[in-house]
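Next, two complexes with subunit A in common: one pairs it with subunit B, the other with subunit C.
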Partner chain A sequence: MNSKFTIMAETLKLNIQFGGGAELLFDKIKKREVELPPLKKFKPDCQSEKWTIRELLLWIKENLLREREELFLQGDSVRPGILVLINDTDWELYGELEYVLQPADTIMFISTLHGG
Partner chain B sequence: MKLHNRSPQKREANLKRQFQRQCQILPQTTETPKDSVALCTQFRVKKMEQLYTLENEIKELRQKLKEKEEEMNKIRREGQGDLRAWILGQGKLDSSSEPIVQCGTLPKWAIERYSRQILLKDIGVQGQTRICQAKVLIVGAGGLGCPSAMYLVAAGVGEIGIIDYDVVEITNIHRQVLHFEQDENVSKAESAASTLRSINSRIKVTPYNLQLDSKNAMEIASQYDIILDCTDNVPTRYMLSDLSCFTKKPLISGSALKMEGQLTIYGYRSETHKDDKGVSYKGPCYRCVFPTPPSPDVVGSCSAHGVAGPVPGVIGILQAMEALKIILDMPPDKLLVERMLIFDAEDMTTRTVRLRKRNPACATCSDHPTNLQCRKEQSKDYFLHYNSENLQVCRLMFLNTLGIKEAMVRCWLAKKPIKRTKKHRFKCQDLVDYIDKLPIIDSKCHLCLNSESNVKYIDLNVKNKFHLYSMYVKEVSLKNIKPASRKTFSKVLLAKNLRMFKPKNDRDVCDLVREHNLINYPFNDDDFYRNSTLGLDLIYEGSNLDKLVGQVEESQTPVIFICRRGNDSQVAAKLVLDKLPAVHQSKVKDMAGGLHAWAEKVDNNFPVY
Partner chain C sequence: MPVPCRRGCGKNAVLKRPKTGDALCKECFFWAFETEIHYTITKAELFNKGDSVAIGASGGKDSTVLAYVLKTLNQRYNYGLNLMLLSIDEGITGYRDDSLETVKQNRDDYEMPLKILSYKDLYGWTMDEIVAQIGRKNNCTFCGVFRRQALDRGAAMLGVKCIATGHNADDIAETVLMNVLRGDIARLKRCTAITTGSEGTIPRVKPLKYTYEKEIVMYAHYKKLVYFSTECVFAPNAYRGHARALLKDMEKIRPACIMDIIYSGETMSVKEEVSLPTQRTCTRCHFVSSQEVCKACVLLEGLNKGLPKLGIGKSSKAKRMLEEYNAKQAENEGTLKDAIKDLNDTSSIVARNERISGKKKSANKENNDTCNKNDCCGRSCKSNPSNVDPVTSNKKLDMLLEQFGLDDKESVKQKLNGVCDTNEDSSEVTPFNEQEEDDTCSASCGGSHIGF
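== the complex of A and B ==
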C-alpha cells in the first residue's frame, strides 16, 4: 500500500487540445498543458486513484469550461459531434470514459465541421 | 449545397446591388464645375446607357460562344468517340474490377496530355487508363466541390456528375472558384459544368441542377463509382453516408469552416484488398463514427460563421487526391480510411488521427441494418427509390439518428423554396387580441417574482404552445380569419413573456430553471462583431448584462440594439428593458430586421455580409 501514497502525491501532466470550434467554449485557447492534482484531492469520495477520462471531463468542466456546459457535455460524456482523441486516436479504441490517463498524454476534443 | 432557400426578393435585391456596383464604376464627377450639374447628370446617364448596351452585347456574345463551343465539342466527340468507350472496346467490356487494360490502349493525345502524371510510378499508363474510365459524383458545387471537381477534371476522370440546386451568389466567389462574376444568379451546377468543360473538353460532365433527396439519390449515385461529399449540412451528410452504404460506393467526405478543415473516407469497401483476417476490407461509415448527430444549434455554417477561401480549397483538392487514389486502387492503409485529416490554417498544422473501425452493429452499414427495419405506416415518406424498388427506411429510426424534427426535414428536403413572409412584428392584431384574452396567472416561483422578469403563465389545460396554437387556429378559422404563423405565435408569446407550464408536483413551481442561470447575448466588442461562436449566443448571467444595463442608464443618448437580421437584438433589447428602470426605458431601441433591413431600405450602399 506504500505505492498509494506515492501515487497520491504525484500530479499528472497532460496536454489538452481543442479544435473545430470546441475551443470557443474554453477561452478560445486551443492548446493547454495542464497539471491534474491527485485524484483523491479532486474527488475525495472516489474509489479509484487513477484518473480516467470520466474524471477528466469533470475536472475540465469545473476548471476550464467557460461557456454553456451543454455545448460540451451531455450526461457524463461529451455531446454528440465532438470527437475525443487520445494521442491522436479515437477514444473508442481505448475504452472511451474508462481510459486511464497516462503522464504526457494528449487529449483532443475536436468538434466536427459541416460547412463546405 | 445550401440549406436555406432564397426568396425572390433577395434575388431582386442582388440584382439591384449589382446595378449599383456598376454605377460606382462610373468616373468621379466631383471635379466638374457647380453650374454644370445638369451636364454631369446627362453624362452619367449616357455612360450608364453605354454600359448597359455593352453588357447586353457581351451577354449575347457569350451565349453565342457557348453555342459554338458546344457545337465544336459535339463534332469532336463524334470524330474521336468517347475515350471510355474507346478503351472499353479495345480492352474488355465492364473492366473496372478486372485486370487493368494493357499498355498502349490510350490514344496518343491522352498519353501526351496526361504525360506529367503518367510519369508517376503510382499512375503510369495503366493508372491513367483507370482514371479515364472512372466516374465520380460530386455533391455540392461550393467551396469544396469546385476545387475537387477542377482537379479531377484536369486529371482526366472520364465522367463527372456535379449536383447543386443553388444559384451563384457574389458572396460565394471567394471560395467557389469555378464560378465567375458573370455567373451571378446562374445555377451552380451549370456554371461549374461550363467551367469544367473549358478545362477539359475530352470528358463528360453532367450537371444536376436539383436537390439530392431520397427519391433521386439512388438513381443518380448508381451511375458513378465514387461519391464526393462536398455538402454543407448535417442531414445531407447523413443521407450521403446511407447512400454510400446502400450503393456500396466509397464516400470521400470533406468539410471546412472558418480556418479549419476535416477530411476522411467513409463506406470504403475493397474486393482486392483484404483486412488482417483475410476478409475483403470494409471501412467505417459516417454513422459508425458519429452514431448520434449533433443538435442543429451547435452546427455552424459558412454563411453564418465565415470561412477562409483557401481552407475549403485545400480540403477539396485533397478530396480529389483521395478520389484518384481510390481509382488507382491503392491499399486502404494509404488512404484516409479509418483516419481523419484535420487541417488548421491558423497555425498551419495538419494532423492525421486514427478513427474507430467499422461498427458491426451500425444502424446502416452492418449486415442487418436497423435503419431498414420499419413499421409500415412509419416508412411512408422515407425510402430510397431505386429501379422501381423502394428500400424503406424507418422514419423514426431515420429521424432519431438524425436527432431532428420531422418538420425540419420536410422543409430541408422540399423542392420548393420555403416561403418567407416579411417580418412585421405582431402584425396580426387578432392574434394579440386572442392571447390577451387568455386566462393568465402569475408565476409562483420566487425567483421569477424577484427577478422582475414578469413571467406569466397561461392558466389553461394545454399540453404545450403548439397545442395552444392549434386551438387558436381552430377558433380563428371559424371567424374566417387567416391565422398567424406558428412562428409569429411563438414570438408573441415570447414577447409577452407568457409561458405554458404543467407542474409535475406541488413543489414544482417553475420551468425556468435553466433561464435563471443564463440570460444574455454577447456584448463585448469581439463577440458582437463576430456574432458569437457556434451557436453560443447565450452567455451566463452576470457581469455582461448588468454592465450593459448600467451603461444604458448612464447613457445620455438613445441606445440602439443591432444585429445581422434583427432576431438576436430584439431578444437582447427585451432583456435589457426588463432590468431597466422605467425612466430609462425610452432610450432603448431595437432595429427591426437588423443590418440586412438597413441595407435594403435605408442605405443601399451598406455592405451586406
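== the complex of A and C ==
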C-alpha cells in the first residue's frame, strides 16, 4: 500500500532528445531533462498509472512543442518519418507507443524528413 | 526485454531493418548496410578502378553518409577511386552558408578535396537575389535547374568520370510516385536508372539507390557522423510534399512498399508511341538539356532581361513573352525594320555567331546580348521555315562543336537540326518544362535532393 502510494506521488525523470531537424520545432534545443508528473495528475481519466510513449507524446505536445505540431505528430503517434529511439534502440523493437517509460530513460526523436 | 541480434552474434539488437524486418545489433547493422551498398556498386558496375569520382555534397544526411561509406568501401575493397566532394552554394543566407560549414567538416574528417561552386559565380545571381525578383512561388524552379547544371559544370572542372549523388530508396520511390501522379512518362522511365546521363555528359550514379532513409539516418546516428539538417528558408514544394507524406504513411504500414515501388518503376515498360524527349546539349551553354536551349539558359535570360517569369511554364509561353519583349525593345530603339532585315540576312547571322561564340567563352552573363538572336532562330523556324538556312545552322554548329571539342559531330548535328521542326510540338505535348524543377528542388529544400 505504502509503496503504491510512493509510485503515484513520484515524478518520472527522463532525458528527451531531438535530432535530424526535429529540434527546430522545439526551440532548437536538442537535449532536455524533463520531469513528468504522476500520470493521474496529467491525465485524470487515464486507466493506467504507468507512463508510456503514447502519453509522453501528449505531454510533449502540451509542454514542449512550439510550432507546426503536424510536422511532429500525426494521430496519436509521431509523424511517419520521425524515428524514435528508446535508450539508443529503435522503438520498433520495444512496442512503440506501448513502451512503459522507466526512470532515467533517454527518448530520442530523429527526423528523417529534413533534406540537405 | 532486449531483443537479440538476428545474426546470432550474442549482442542485443538496436534496430529493426525496414527492408528485411530483421533486428540487428550495431555492428551487424553496419556490416549489412555497407555490404549492401558495396553489392549495389559492384553489381551495377558504377565505378572503374582509378576513376575520379565527385560526390555531390550538401552537408545533409544522405551525402554525408555517402561520402563516409564510399571512403570506407574504397579502402576495404580496393576500388582505387579518387574521391572528392563537390558542393553548390546557392546563396541562401541562413541555410546553405551553414550547411557548407558541415561540408568543410566532411572535407577534413574524410580527407577529401572539396570544390564549392556558387550560383553567383556561375550565373551572376544568388538565390536570395533571385527570390527578391521572382518571389517565393517559383523560386524552387530556379534553384533546382541551376543546381543540376552547376553540378555538371563542377564535375567538368574537376575532370571526374562521374558524379555520385546521395539519392536514397525513399527518394527514388517518391520520384516514381511523383511521375505517376503527374503522368510524366518520360521521367518515369528514366528516374529509376542507377546511372543517368547521355553521351557527352558526365554520368550520375546513385550508390544509395536501394538504401532506406531510415537506415541512413540510423547509420549516421550510430556512427556519430556530423550532418546538417534544416529546412530551406524558402517555401518547399507542396505537391512533392504530399507525395512524400503519402509514401511515408504507406511505408509505416508496410516498409517493403519502397522497394516494390522502385521495382515497379524499373520493370514498367513504356509504349512505343509515347514520345520521349531525348537528352542533348544546350546550343548556348553546351550542358545537358532536353530542349534546344536548356532551362538554365532560359531562366537566366529571363532574370537578366527583367522577365523573371520567363521559363516558368511551357516553352511556348516563354517564346511569346520573348517576342513581346523583343518587339518592344525594337520599337523603343526605332529599329524594328532593321531588326527584321537583319534577321533575314543570313550572312549577318553568321557574322554575329562568330562574335557571339567568342563571347560565350568568357561569361555566361553575355547571354543577355545573344539571346535575341537565338530566340529569333527558334521563332523563324516555327513561323517561317524558309528563314532557316541549313548551311548557316551547320556552320554555327560546326563552330560550337569545334569550340567545345565534341567528338560525335554527326549525331549531334542530326539531333540539333531536328530540333527546329519538332521543338514546338514536343514542348506542347509533354508537360516537360514545368517539372524539371520539382525533381531537383526537393533535394535541398527540405524534401530530399540534387536532381535526376
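Everything below uses one rule, namely that the second predicted complex is superposed on the first by the 109 of 116 C-alpha atoms of A that agree within 3 Å, B and C clash if a C-alpha of one lies under 4 Å from a C-alpha of the other, contacts with A are read in each partner's own complex, and residues count from 1 in each chain.
The working rule: a residue touches a chain if its C-beta (ideal position, glycine included) is under 8 Å from a C-beta of that chain, and two chains touch if they have at least 3 such contacts.
The model shown is predicted, which means the values in this text are computed figures rather than measured ones.
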Review point. Looking at the overlay, what does A:Ile110 touch: subunit B (first), subunit C (second), both, or neither?
Key: both
Review point. So, does A:Val34 touch the first partner subunit B, the second partner subunit C, both, or neither?
Key: neither
Exercise for review: Please indicate which partner A:Leu58 is in contact with in the superposed arrangement: first for subunit B, second for subunit C, both, or neither.
Suggested key: neither
Check your understanding: Who does A:Arg68 touch here: subunit B (first), subunit C (second), both, or neither?
Key -> first
Exercise for review: Classify the contacts of A:Leu25 with the two partner chains as first (subunit B alone), second (subunit C alone), both, or neither.
Suggested key: first
Review point. Where does A:Cys46 make contact in the superposed view: on subunit B (first), on subunit C (second), on both, or on neither?
Key: neither
Review point. Is A:Leu97 touching the first partner subunit B, the second partner subunit C, both, or neither of them?
Key: neither
Exercise for review: Kindly classify A:Asp88 by the partners it touches after superposition: subunit B alone (first), subunit C alone (second), both, or neither?
Suggested key: both
**Study point:** Where subunit A meets both subunit C and subunit B, residue numbers
**Key:** 19-21, 24, 79-81, 83, 85, 88-90, 92-93, 110-116
**Study point:** subunit A residues within the subunit B interface of the complex
**Key:** 19-21, 24-25, 30, 67-68, 71, 79-81, 83, 85, 88-90, 92-93, 108, 110-116
Study note, to complete from the structure: Note: in the complex, subunit B contacts subunit A through residues 140, 142-145, 230-234, 237, 254-258, 260-262, 289-295, 298-302, 305, 307, 312, 340, 342, 344, 346-347, 351-357, 403, 518, 533-536, 538-540
Review point. Okay, in this complex, where on subunit C does subunit A touch?
Key: 1-3, 12-16, 23, 58-64, 99, 166, 170, 213-214, 216-218, 221, 227-232, 244-245, 248-249, 251-252, 442-449
**Study point:** subunit A residues within the subunit C interface of the complex
**Key:** 19-21, 24, 79-81, 83, 85, 88-90, 92-94, 110-116
